[in-house]
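Shared between the two complexes below is chain A, which has chain B as its partner in the first and chain C in the second.
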Partner chain A sequence: MSTESVGTRPPATPEAGSGRLGPPPWLSAGFLLPAIVLLALLVLYPILYTVWRSLYDAGGSRFVGLDNYVSMFTDSVTFGWSDSAAIGLVLVITVLTVIALTLGVITGAVQRSTALRIGLIGLPLVDVAAYFILAMNSPMFTAIKNNVIWVVFAPTLITALGLIFAVVTERIRWASAFKLIVFMPMAISMLAAGVIFTLVYDRAPERGVLNAVVVGAHDTFQPSTGYPGARPRPNGPLTAQGEGFITKQAVQPGRPALLPVVAVNIETQRKLATVKPAAARPGVISGTVWVDFAPGGGGAQNRPDPNEKALSGIKVEAVSGGRVTGTATTGNDGGFVFSSLPSGSYQLRLPESNFTPPFNGVDWLGPGLVTPAIIGAYVWMWAGFAMVLIGAGLAAIPRDALEAARVDGATELQVFWRVTMPLLAPVIVVVLVTLVINVLKIFDLVYIIAPGATQQDANVLALQFYLQSFGGGNDQGLGSAIAAVLFLLVLPAMAFNIRRFRQEQG
Partner chain B sequence: MSNTATNAVTAPPGGGRLDGRNGLGGAPRRGVASRIINRVGGGVVQAGLVVIALFWLLPTFGLFIASLRSETDNSGSGWWQIFTAPAQLTFGNYSELLKNDTITSAFVNTVLITVPATILVVVVAALAAYAFAWIEFPGRDWLFLVVIGLLVVPVQVGFIPVARMFGDVGLFGTIPGVVLFHTAFGLPFAIFLLRNYFAGIPRDLLEAARMDGGTEWTIFMRVIMPLGGPAIASLTIFQFLWVWNDLLVALIFASRDSQPLTVAIQQQVRQFGSNIGVIAPGAFLSLIVPLIVFFAFQRYFVQGVMAGSVK
Partner chain C sequence: MMRSTWRLPKVTAAVVAGLLLAAGCGGGDDGDGSTAGGQSGGQTLNGQTVEVAAVWTGQEQQNFQKVLDAFAKKTGASVKYTPTGDNQSTFLGSKVSGGSPPDVALLAQQGVLVQFAQKGWIKPLPAEAQQALQQNYAKIWQDLGSVDGKPYGVYFKVANKSTVWYRTQAFSDAGIAQPPTTWADFVKTVGTISDSGTTPIAIAGGDGWTLTDWFENVYVSQAGTEKYDQLSKHEIPWTDPSVKNALRTLAELWGKPNYIAGGASGALRMDMPTSVTQAFGDPPKAAMVYEGDFVPGVISAQTKAKVGTDAKFFPFPAVGQQPPVVGGGDAATMMKDTPGARALVAYLASTEAAKEWAQLGGFTSPNKSLDISVYPDETQRGIAKSVIDAGDDFRFDMSDLAPAAFGGTKGEGEWADLQDFLKNPSDVDGTAEKLEADAAKAFK
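For the complex of A and B:
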């Protein structure tokens, strides 16, 4: 990356060989000793030991070659995800890569030949590997699958958000306050963030703020007035059809239809008015829907008795030849009237919408959504990081470059895509690489947020490592193999760092 | 990444500030954004940003309020009920927390782990960084490349071997063990950050000191350390927060007696699931210290994070 893009002076490098006054080389040993001892003993040696250990069995006494790596990928493997889901994610990976490469070629950040090589050889290989990882199922494959999802989505989402925030706040008066707020979660621990988000994602709408909002929004658009659990009176005129009820026979105009229902929640019943049988009206289809259950006994079956309750707000459909011809809604006394129906033979149906249970929010931490939910918490934590780095890069773009493009008649969008983005590309690469490295090692958030029941569904490599080697799995051979794989995965980033540093030093 | 680090820490004063003129704040510029904003209408954008800011604040605010409500209130209803029932607010959870020996001793452990781990990293790294920046010795560049390579090593590769090693010498499950592990894995980044900053100190100053007959040690103490202040401040704050916030390292190397706050709270989450009367105030206690540090030393922290964009 060009140093200018972030806008400050490059570090001065001490020139070699000019130090006549310089200290003797052996002096350096004293200064370096503590660091070298610590690094050699606690970082370098462990890397070698981990690789070596991964070739031994759980107890560490028997050499097993690559067995740990093999069993990592073959143990209790079944095909889990549906093909379509796996193919869907592979498609997303493909599309994102193609977009990135195209942008890279357009902006000149990537050479055309490199892009072609990546697109034609690298991408198909990644796609095939991703497909197998996604379609297979075992604790290890779930972990790898989730790591793939994390690595594909979390960095891109965070970078996109950071870019938007950085661009939008560029001219806002209270930008520093906004940035402070968004950046703040970077300072707190993943544990605290995890606790915060277990509260946010709580399943119960009366406790979890997210479900409270979701249920509130849902009920605003689709109020629930239902009577969940209600059933047609056995031996009555109604019979179940799907989740709704329908009359067994056609109803006759002029004779009010009696539609008895049972098993309505007792709490709900208390709030209902007493039933009043509908009066007969010649030639008109009408009727009554009520709870055919007299509290304290008594009362005849299939007849609205004075101490029985009316079901108000029930939607009634008139069905003829399988088609719904008209609808009516019961009033407080349980009565309904179809005022303008063409003559014919009708059955009456109480559709299932009357009896569906109330909407109770989303199971955020259930098997399907737990990983996206945790990624959401991670985005909350890291968006500020991307925003601040990209903001710094944005500020370092020389105004002249932008003005020149405008003078040449470029539209604002053109200026953004053709001038700003290419100049910003190095910063964005740094942000993405940093996030990918961090996301590969994600542990705390998953460990804290995922409830025991869905921990396996949310599994990631670092969690699987912990569970295998310290958290009960008791197989440090397999654990070492997982750690070695994690190490392998960060090697490209290591090479990236070293190369970048050497380039900078010239 | 490496150069963001150099830039962040060699930046002129204000470089890493969220409100600084260095583009992190609202220095007047005619950028793309300003024009888009003018066109779309500043009001809409501003309103959107307010919503986003609330969105970012609410989760933490929710935890704070939950920590101020009784267990019964929390299990029955959400924290937003306090807007209609402010009487629910109570310090009960916190006074219980102070009587909870597990939590209070874990808090002390957190301090006992964080402070030494931070000081050790800063001292050891500053010494090494000085050698890398200003003492010629054979293999220097090569050795520094190793340090850069170690920047991204995942802590996971250290756990199994170091746990075994600590077990052999009796450090496993002790505070010094946790401190040593944090120090070692904090070193590559610390050396990298300080070396880049030290290298930017004007050569003349060192030459002058050497002419005056200063030893390397006096130069290090009298010239490098004072001039390296900003980078050292960034590193101190970054490392402090890093260690304070750590869960995983302590989960593996600490025992019941040496566990820090994060582990103690995590145990509560695991064991009691719904023990929100302890979890909420505990989590808030563990995050309030980093937040204070963050607000007090915002600029250094941002610089540290920018430089740390490799860890």
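For the complex of A and C:
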């Protein structure tokens, strides 16, 4: 965590001149030396070397100047101008900033003029820049895009949840048990959490918890029906219409229609009775629907063979001029009869309700949902962290301030927004900034949870950096350049944190 | 990467094969005129220690240990085995720079062999090993083990990645008596199985490398080995008509969502072990799955199906004149020129050594002098037979030969491009162009 990083204040410099107090400068320098050497070796040198390395090619021998930085942004870029997600995200950024500024002005944390300046000049600039970045498609821009999504949503969600949990646990019994459970995910490594969530999000309902729930709920209300996957015999009398099938020609009364279907699940077929061709009934439209595939192969096509199976319970519609004029259902022998149809020309249709495929659940790790899904896993891990920090902040709020407000007649909501929140603001800001820094560096969860096919859709800067330098790209020049950009992005958050520490101490 | 992805199931393959055959691997007759090599005389290496390194762990390590024990018994040397882990070039590279390389290393990737030879880290084979090599191995294996015309490696163990595994019940339900041998037959079979009410194929599209294996099999059979070699080295571009032909051929299967378990989108979420359980699990959701000779291990480890009865294989059907045989192998090389190292590589080139492991199962030898009947079951014999029959037409997995950025990285290069192609199999030209662009970047 970076919160505890730079807490050192420059040593108070004693005024030169009169009799100095304290140790001589060389002594303090001597004490600082080990720390400085360590910092230089472990922090400064890697940073400088990364920047240096980013100016060289993949092999590390040829100086290429800023080529890596250029190619990082220009490689395989395409534009997606109508990207509605980009517009949506720009809107979200705007709304969130406005809310934050308004809250800031109300609570007195931000001056009105500053808020106006940020809102009227800074925000539009950020919006335009964000839109351009978001509308561009390439691994690097997808990574930046996802990092923006992460930074906008993950810290706010986690802080909000942490705040709610912290406030709620102050008022319930079993608060310690609740806190323990919410905090527990923090004890799990990112890697383990990632593996857990690949199982949670698994597509197959028999493995993925989430889809088991979704499919269970869906099937309770809308069960799968009939014979999913079945289709008409390709060169037979039926043709596809939408998801259902219709006869190519009008059927003739008195001659039973033969409606052959194939690709009925083999396990289902075993439970079906064998087909019995319908007997001709003069003047009546009737027919047979059956599986035109004898187990073991063979048999004549488009004609029911003795060992072929009948499709029972199939709904058949008689269609005349595009309107359904009658329906019938096949019996156990596959036969159906329209007993009371007005005379006319009819086509027969097997509507799609006979073949509804089973609901397979939501594709959580598909291109659209993969980033939100991973953010969900991250929120699960970090909500406890926010709760504990904010809880500590809450405990430190002087009770008499709250009591005074209540005595003055403030409602609980007013107490919360007007007294608790302003007093809690510094803690919340620390939590938010810490999370922003952490989220910018997010790597492990994305690397583990995103399946190969959607890894690019879930790409983030740290992952792109890893893939380019070690994960097969093996271009450590380009990788270093990405790392340098990532470092630049983290820098403002760090600077902000350091300034806050200074202010608090000063 | 690639290697690690399929190494795991292979280990389990060996485990199971070993268990199954525990009964069948009795003493056997030693040294059936085991030809040249390994004949360095009686207990000539008494008191010497030979260090060996290879990727094998678990059951494979135990089986290899039996080979080494036989060598030790014969020569009196004591042999020490070290597993290298999957990143051999790093592991052995650090051993070399530390000044203590093993005497013999079995290298799992041809690229590593070339790289080591060029750096002088491995020594040319001694005369006795060369002699055994020429006698027992097809020319292709001698070439694959050579760098700049000098022989450096003996391919001791190979993997056959041209096997299609099928559920016998699904075939009999659909009334298919004979597994297909040509691509046209294959497509027809797939159609019949689909009509019968079973989804024909499970494709592990989530693992990009399985798709490259599909492509390689089709390509080498359709375009021929010469083109295959050129494409492997990127001497012809991926926009070559032969590549587009192969893609179009693949699209005959990949382009029909009915034929693929879960449709294209389902396939793209599927990893290799899952695709195997789709075909052989309970309830089964597909009739066939294509991948290499490590599939039986997954079948035995994760399903109740029995390899050889419930699950059988047929060689990848011939798209052109010849059926393809694509795969990989582990080559024994000398990292130190010691008497022990010389004797061991010569021994590993001998039929005697191949027989030691072959009878334990989970092993395929490219040694053509090895009597195929020593393999413990029909499945293993079949796999070995296709490798031997392929002779000089055996080809290494192309994506293993390419730079990792193109042929071995999740979400990039060939893996990602073929995943996109599975998503949209009508876009042959676009796919070829993307492949070419990625290849050009990686090969530069």
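Everything below uses one rule, namely that the second predicted complex is superposed on the first by the 332 of 506 C-alpha atoms of A that agree within 3 Å, B and C clash if a C-alpha of one lies under 4 Å from a C-alpha of the other, contacts with A are read in each partner's own complex, and residues count from 1 in each chain.
As a convention for this text, contacts are C-beta pairs under 8 Å (C-beta built on N, C-alpha and C of every residue); 3 or more make two chains touch, one makes a residue touch a chain.
Keep in mind that what you see is a predicted model, and the values were worked out from it rather than measured.
Using the contact criterion defined above for the overlaid structures, shared-chain residue A:498 touches chain B, although it does not reach chain C.
In the overlay built on the shared chain, the residue A:416 is in contact with chain B alone; chain C does not reach it.
Of the two partner chains, chain B is the only one that A:185 touches; chain C does not reach it.
Residue contacts after overlaying the shared chain place A:427 against chain B, while chain C stays out of touching range. When both complexes are overlaid on chain A, the residue A:254 reaches neither chain B nor chain C.
With both structures placed on the common chain, the touch criterion links A:398 to neither chain B nor chain C.
Residue by residue along chain A, chain B and chain C are tallied for touches, and B comes out ahead. Using the contact criterion defined above for the overlaid structures, shared-chain residue A:344 touches neither chain B nor chain C, since it reaches no partner.
Shared contact residues of chain A, touching chain B in one structure and chain C in the other: 451. Interface of chain A with chain C (complex): residues 76, 203, 229-231, 233, 262-269, 291, 293-298, 363, 365-366, 451-453, 455-456, 467, 471-475.
Within the complex formed with chain A, the chain C residues making contact are 1, 170, 172-176, 192, 194-199, 205-208, 258, 265-266, 268-269, 271, 283, 403-405, 408-413, 415-416, 419, 437.
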